[in-house]
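First, the structure itself, so that you have it in front of you.
Per-chain residue numbering starts at 1, and chain names A, B, C, D, E and F are given in the order in which the chains are listed.
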């Protein structure tokens, strides 16, 4: 029995409010239950040094938690003077995931930065970030296409991320904070519309798992991803 | 004529949405027009080293802008590894202002941190931060009093902050971004309910001003502060 | 009664020793009583990136206290690896104040940096810094004009800074350390020769103040500024 | 056809030279082909703050590349003043992996730090690090048991890490640098002796993969892990 | 022929003005010609962690150049966020030298920090720093002895530092900036009253030197040290 | 009697294993007894900004200890975010020493970086570093000459570094860790083949020394340097 009363393969409510901030070329506030992340896409007409003059664009991600997004207040990384290993790991994952569905040449020599700022955390902040970042990216690319700056759509597919884990012996979908803190294994999947896998990060905590366990988690992840793709569709239509 | 069409002594719409995040002991999303700041109050049962064992509490503030709160994306301070001089100046102002209306001994040996995170910026982010931080502080103190942790109310009055400036020769209230970028003089007032002044920071940019100019700005500030006090009242009733 | 026995509107002795160091284009050691600040003006034939090619110069300030300028030794900021919020706030104020009396276009595409290093502190270090920095700036600009590098004098007026405060209920001029540590309100004024105000920073500590209090402090500040203008005149003649 | 001429399921030569440095409680130089990592285990009779007084020990990892371990010289992280996101990600993985096979209570209130310093890099440095770190940990624990400081063996199983990837359409085992730079997908598996999985990190680069692809990589990983377990056995007998 | 017209074994004028700042337990402004360093000694009733409870005191040094002590302005180390290798090397040398003439047990469990801040530089800043730091230390120790905090004098002898070098083929004493920039070899000697050597740092730049050259520089150094000892005597009598 | 049983003028065994890593243009693992340092020379076709376009090359050094090179584990400098004063002092010495035997114009506009990473420490790590760095530099220059990138050999002589000290009243050669920790005086000499001195750094610890003592240490150093020159010869033939 899950603390929230959800079925093992039941996701939390997904809501996506687009246009949450007005300056960004694309933005949304995505919620997976009580987890809420503000995702913005910022277009800049320049690329990192290693890409200059190569006719290719770049997509990158940044991630942060507001100090009181969590149950107890965390220190502000800007005040500590550095980003934690966890933050950097998540930032790299966001960028890599979004690039997996972007044709960088079609994007042209420009960079889109996806900022994912967690306003409230209740488990699954990195997966909500990736899922929401895609919406912000889609909106920003739409704007570039409408303005004629880009001709062919550089986005090749939708992408969604979702966490699964083994909680009290049962594989469950979309862990909230209580489940996440007590899970025996914790996996994040980044899945592409159509069935392909972009990334798997599965970690045993306490207990380990076997091949069959991994596959069960993957199957749950597919169920969750379909729910997210539907919400993304609705938000960007 | 102001770009927004407002009268010289007309504030932008003020809205305060309390309980915007669920973990903080007090929280609100305050808007001065398009400027939106998430203010949270976090209570911790400890005080900074210099106050330990002295029977007094502490109130402090932190401030940050999300990277894309602004027209063009700014770098994340956590990524740069340090907070700018501007950020630190604002943080010190927030803490000082809130302490001006708090009886720290009545608060007891605990610290309340006011985090002000700007989700969207259109001028006046520091004044919205202080005004919203008071609401978050009020809500957190109410909770402590309801729980019996504090007996006598440590908050001695409401406090509000507002910017004024000389725009194209005319003193105006509550500058938005366009006015702020072009003002001849820029002043921030932190005012206490009942008429007292907690802080004046008045800076000439381009043109300088005289005593009469300073007093005119102060009178506009009083008009704005009354509007903010009313909104704070409504939000915390 | 003031600890020093001074009258409420009496400044400490002001001395300005020009040419205190030989490498700087302009330099002086300014004293407000026991407070002593070494101010140097360094001319560099380059401007910050945001001004390149725009035909305008720049004036900026830096500030530091020697570790044992104070009663008890403070840590060296270079050893701690960062400048405090207070240091940055003062640096920004020094630069802003000097720019208020400089016509940056007449200065031409060059930067003048005013370094204010406090050798001994007894209250009022930031106001002595600004007042002395003007002398160093004046001397450096004179040298540029004598060398024919600048044609029209870019300095539009003298500028002076002075602190005032409410000490034991009485508004007093030019607080020393003992007064500063116990003042109910503390205000720094940056005033331009001729009556204009460049900056007001007035902060309530403990008690707050009203409009009348603010004006009294401003009047005291004018008395102090006239004394400083006279000393600046004498030093740069 | 692999650049090295190896079969798809063929690992590079594994060598483990124990006692490579004399001060560490456990040490080895592990090679996967041309990749060489010096792994040391350092025992300290203290635990991190969050574990103090709880009767549990801690195992953690640190990782670094010598500047010229690679084809072209990289900057020294100590000189840059911070560890990269990649370094931190690997360090977290090393610690997590070793803790998956350590009973921290049996270890007692002490910390073992596994330092993995890459002397020469040719792909697979993180997997060689984890595999070698286990050997260093085993040797250090043996020494603690011989000295009577620990009674029951806290190590529950051997653990090995290995990379697999899809290179020119074919799933291959143990990627060297040339393959790694050109792989379509790249996966790191941390496997426990006996069949359990501790960690999967599978990333699509360029092309994505499906469930069948993931399973094929996992099967290759098992082949590699068995080779590593054998080498670990031989080294610690 | 030396640029200054001095004889090969002729030092620049040495002046030592004690009590230059009033807060420090000991202070002086020492000049070697145009090189001027403010040296202060600060007594703190605590020792570094590695000495706690061992009945021994500590003497340490810190060093900095004001940004415009030099011909062209240098960046402030506090602004750059770290001290240069040169600064750290000099700081270590100052502390080591002063400890060479201090009986740390007689000092008792307290620390004396010698801050050496270069107000104006013209070669030999580190040697003037050490020589002046001894005066500040002597004055601070005198004060401790007068107050009865220390019984037996912990200072065992005077110590002086002086630079020598080979300039245009000739060994010369006390290099000024022009000589220092063009010397073939540069040596700093820290000498103890009575003939003992505390430290030699001799570096070939351009040309190298032999044993005979080293001895010649040492003999020059003895001449300079005697001049410094005399000035120290006069200042502390 | 020395702890190791060596005669006063007896060096530890010197071994130099060239080609220890394959990517560097020159590399060796040098041992002075149990002290082992990996030295690599990396050639880059660029020079530091201050040399650009001047037809001159540059040689520089970097130094680090692996965390567990020592008896007890030291913190990683990359994790602490800065290099210690000791590290920077040694790095500067390595670069200066190697430049003393390099004709930078003959090197052409390229930089060679000598990385010295201490794998195991038992006293004398800086002297082993310099001695080994010369071998790596020699090998890298040979490669450049064979490739025709350099015509005339820029290396003017061999260079060796060795420590000497006064241990229990006796001057001894090549201190190991036990001797180094207890020496009364400690000196590092950098000597050039043929008799010239590049650098002397002699420090009294506890006891001081006189001119005669300095000369005795220098004579011992010459004995050690001859041994090192022979080993360098053998390694690079």
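Here is the rule we use: a residue touches a chain if its C-beta (ideal position, glycine included) is under 8 Å from a C-beta of that chain, and two chains touch if they have at least 3 such contacts.
Source: prediction; values computed, not measured.
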item	value
Minimum number of chain-to-chain touching steps separating chain C from chain D	3
Residue-number overlap at the chain C/chain E interface, same or different (half cut)	same
Chain at maximum distance from chain A, centres defined as averaged CA atoms	E
Chain whose Cα centroid lies at the greatest distance from that of chain C	D
Whole-Å separation of chain centres (CA-atom averages), chain A against chain B	33
Length of the line joining the C-alpha centres of chain B and chain D, rounded to whole Å	50
Averaged-CA centre spacing for the pair chain C and chain B, given as whole angstrom	28
Interface hub residues of chain E, defined as touching at least two other chains	81-82
Contact graph of the chains (line, ring, star, complete, other)	ring
Successive chains around the closed ring, taking chain D as origin and chain F next	D, F, E, C, B, A
Complex contacts: residues of chain F adjacent to chain D	20-24, 27, 34, 38, 40, 42, 44, 62, 64, 66-73, 76-83, 87, 113, 115, 117, 119-121
List of chain B residues in touch with chain C within their complex	82, 84-86, 88-89, 91-92, 96, 100, 187, 192, 195-204, 208-211, 213-215, 218
